[in-house]
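Presented sequentially are two complexes of subunit A, the first with subunit B as partner and the second with subunit C.
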Partner chain A sequence: MGYEISLLTIMGISVIGALSLNMILGFCGQISLGHAAFLGIGAYTSAMLTKAGIPFLLALPAAMLLSGLIGVIVGFSSLRVRHDFLAITTMGVSFLFTGLVRKQEFLGGEMGIAAIPDPGYGKVGFMLFVFAMAIALTIFSLYIKRSWMGFTFDTVADDEDTATLLGVNVSGYKLMAFALGTAFAGLAGALYAHNVKFIDPESFGFIESITILSMVVIGGTGSVWGVISAAVVLSVFPLWFQFIDDYKLLVYGGLLCAVMLLSPDGISSLVVKLFNKIFKREKVIHVNT
Partner chain B sequence: MLFIDLILQGLIQGGVYALIAIGLTLVYGLLRILHIAHAGLYALGGYCALFITEATGSFSLAIVGSMIIVGIVGMAVYRLFYQPILDKPPVVALIVSIGLFIAMEELYRIFFGANGLSYTAAPLQGTIEFYGIYIRQSEIVSLILAFVLISGLSLFTKYTRIGIAWRATVTDPVMAESFGVDVLKVRYLNFFIGSMMAAAAGSMVGLTNNLVEPTMGSIPSYKALAIIVLGGLGNVRGTLIAALAIGLAESFGTIYLGDFFDRDSIAFAFLIIVLMIKPKGLFTKE
Partner chain C sequence: MLTLNNITVDFGGVKAVDNVSFSFQDRELLGLIGPNGAGKTTMMKVITGTVKPTSGSVTLDNTNLNGKAPYLRIRAGIGISQQIVHPFNSMTVLENVTFAAGYIKTNHLFSSLFQTNRTAEKKAAVKLLEILGIADVADAKPENLPLGYIKRLELARALALKPKLLLLDEPLAGLNQSEAEKLSNTLQVLNQQGQNIILIEHNLAEVVRICQRLVVIDNGKKIGEGDPKTVMNDPVVRTAYLGRS
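What follows is the complex of A and B.
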């Protein structure tokens, strides 16, 4: 049973991580290739605080706050640079994070931080806690999508210049998306730290950022349910394929290519297309009689 | 003496970066794709050079062979992976490219081993003393090679018909096509030449370190991305200057900033600072 529980916990944390990136990329259209750095900030904050004796439930919001604050700072770069330039800048943030942490003695340097305190809920309790967080974030995401803010995010994602012309405070909404997205990334990182109880700079490197990004893109950028299902499948994927251990990364890379080549808009659009086909939901064609 | 040594090391490193980054910036200039898998081709170049040297004993033959093989593989990558998704948003091509890169690294690891391969009798390993500075022969060769290849490319694009057609396509694909340029041919050429350059860099780095390993592409590839952005995406001359600048920034930065950053993040720190001041890179005409 222990194995299944840890599997489900990892799944829940991945869902939180993927949904947090979905707020930035899916809702507001700002690409981030360095999202794992914010998970890292959350993880290191929470690990340091709980090791200093501060209770887990206080460390968690602190992790979110710090991560969100630094997220806003990085968000400012999205006001200066756009599209591919932003992609590379955020990628730089990812390398800067690992490069900095690796050299800081008080953060454990290359060796990382071990023996991170247990929150004390037991294994099942912690899993339920993670689930509760994931569900709360799902509801929040669905709410945002339908709210006025969600519509504004959509406008910014579609066409920044037009949005500005319409009087939308583009900068403010971009920073908002970064603040929310990175704060929840901090939450995911903190939960990760207390789940595996050991973190090092490599746990939050560029490859991890890409893993989260691929969850969002494969699921269908912006689609909450698509992103959740992709996060669930991709997070346990390497574990399912344990039996082909030596080839699992090869299969993973191949799958990333294959899914994108076969269904470039993500799985969710594929499902919608299939659904419409099966239930014959043809587009209504108006005919003048 | 340390000063001159650092400059020299920076230039050598910068030359390698330039060879890698040129391919990336060419692909970006033409197709607006961030071609991460380029680094996989760079590593493939290292492997090809090693195998051909082991088989024939001639490193010069190896470097030419490796450039041709990798150039052809580069064209295949375009045809199989990028052509089908050209009309999709750029993030799709990015994910495909990353997936391809992961798969390539894994293939090298499975076929050639995780620990990497070394030359049995590596050529050009002697050092030359030059007023108290020691340089490896292979490093000098790689600097010269970078210079020759890049100037060759610049002459090619300036004075040959196909080179001019190529530049025209980069500037305005629709207009070029209406003037009778075969855009598809230009794209293949683009991938061939870009991958060829990466193969040359991979061969030289593999020889200098006397080690070709599956992951040798990852760090240079990310750095090359930083370089092409710094040079103003798609701008070849800007890319060259940025490559040398990053090479120098690293060789000096490692000495003076080594306690705060590790070597690989210096390039990105430099990049972020520059982008915040000039959001479209150093050499973009407004």
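What follows is the complex of A and C.
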């Protein structure tokens, strides 16, 4: 039973991590290849604070705040570069994080931080806490999509130059997406740290960033339910079936390639198309040319 | 209401606009014309701020727009329908216009998070689509529509911003003569209702028919200004525009 609880907790944390990247990439169209760095900032902040005696429930918002603040700073790069160049810049952030943390004695250096304090909820209690956070973030994500902020994110993701010519403060909205997305990444990181009780720089390296990216892309960028589904499957399966875990990167890479080739908008788009084909008759619109 | 003073735009040694000045009076429908490559679209971009002039100034209602970001100029009251259409292809035609109609709700970053209702904006958008004769494709994605429809979508989106001044860059392109005439009539009606319009257009028959005043640009220089008939009979304009006097 303990193993299943641990799996479900990791699944909940993965859902939070994937939804946090979805806010930046899926909602606002800003590619980020260094997202795990923000999980790392949250994890290290919460670990350090709780080890210094700060209560877990205070360390958690502090982790989100610091991740969000650094996220905004990184977000400024999205104001200067776009697309491939932004991808390379954010990839650099990932290496910068691991490179910096590895050399800091007070952060545990290469050895990382061990014996991170337990929040004191028990295994089941902590799992339920993670689930509550994941559900809250799901509701918040769905709400954003309905709000005018989400509507504006859609226009920025679609064509930011045109959004500007409709009076949209594109820079402001991009920074907001980075602030929200990275703050929630900080939450995922902090929860991860208190779940496994040990973190090191490699826990938040480039491969972890690509793992989170895979969840968003395979699920369907922008689709809250698609991303949740992908995060659930991709986080649990490799742990459940050990032989998949051995080939985790191969599986993720293969799935990424397959989705890009067969359904670039992700599995969720494929499901919607199938649903419409089976249950809905497509409306034909006649235009006079 | 709009004044352009000695605008020069130099693209790496090539003068796209050379010391052009003109002003726009309240309630006007002004035609900005000239042959291909004359610098009309560049002038439009100078007004919206997407091209920075090498020298000169743009003022709207006595406010200097120089140095203001494009989105602030739009919020100051400029609406634009671009020559090369840029609809949001991930949205339907109705959603494109609804978004523009909600410009007050997207003005402030934080308050946009707390607003979800789109009813009033949808209603305003439907009305605009009906005025422009494209309500039948409200639920279609723009990528599936002919150019004439997308041109009108661009116009609907610009009008949804309720701009003080509407800049239209070749809105009649892609329309057949009857559609062009119909849209020109709509522009004329909008102008009579108080909408200020600067129209860049190659359909000279329609420009002369609906505009009250013309400004003519050729090779980046202003070569004529005045009422349409006088301007079109000017030998300098005829030579530049038609290749003969």
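By our rule, the second predicted complex is superposed on the first by the 272 of 289 C-alpha atoms of A that agree within 3 Å, B and C clash if a C-alpha of one lies under 4 Å from a C-alpha of the other, contacts with A are read in each partner's own complex, and residues count from 1 in each chain.
Assume a contact is a pair of C-beta atoms (placed from the backbone, for glycine too) under 8 Å apart; a residue touches a chain by one contact, two chains touch by 3 or more.
Keep in mind that this is a model prediction, so the values were computed, not measured.
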Partner chain(s) touched by A:217 [first = subunit B, second = subunit C, both, neither]: first
First, second, both or neither for A:249, with subunit B first and subunit C second: first
First (subunit B), second (subunit C), both or neither touched by A:157: second
Which of subunit B and subunit C A:206 touches, first, second, both or neither: first
First (subunit B), second (subunit C), both or neither touched by A:261: first
A:170 touches, of subunit B and subunit C: first, second, both or neither? second
Broader residue contact with subunit A after superposition on the shared chain, subunit B or subunit C: B
Which superposed partner A:85 touches (first subunit B, second subunit C, both, neither): first
Residues of subunit A touching subunit C in the complex: 143-144, 146-149, 151-152, 154-155, 157-159, 161-162, 164-170, 172-173, 176, 283, 285-287, 289
Subunit A-touching residues of subunit C, taken from the complex the two chains share: 48, 50, 69-71, 74-75, 80, 82, 86-91, 99-100, 102-103, 105-107, 109, 112-116, 118, 136-137, 139-140, 144-146, 148-149, 157, 161
Subunit A-touching residues of subunit B, taken from the complex the two chains share: 28, 32, 34, 81, 84-85, 88, 90-92, 94-96, 98-107, 110, 222, 225-226, 229, 233, 259-262, 264-266, 268-269, 271-272, 275-276, 279-281
Complex contacts: residues of subunit A adjacent to subunit B: 25, 31, 77, 80-85, 87-89, 91-93, 95-96, 98-100, 102-103, 206, 210, 213-214, 217-218, 221, 246-247, 249-250, 252-257, 260-261, 264-265
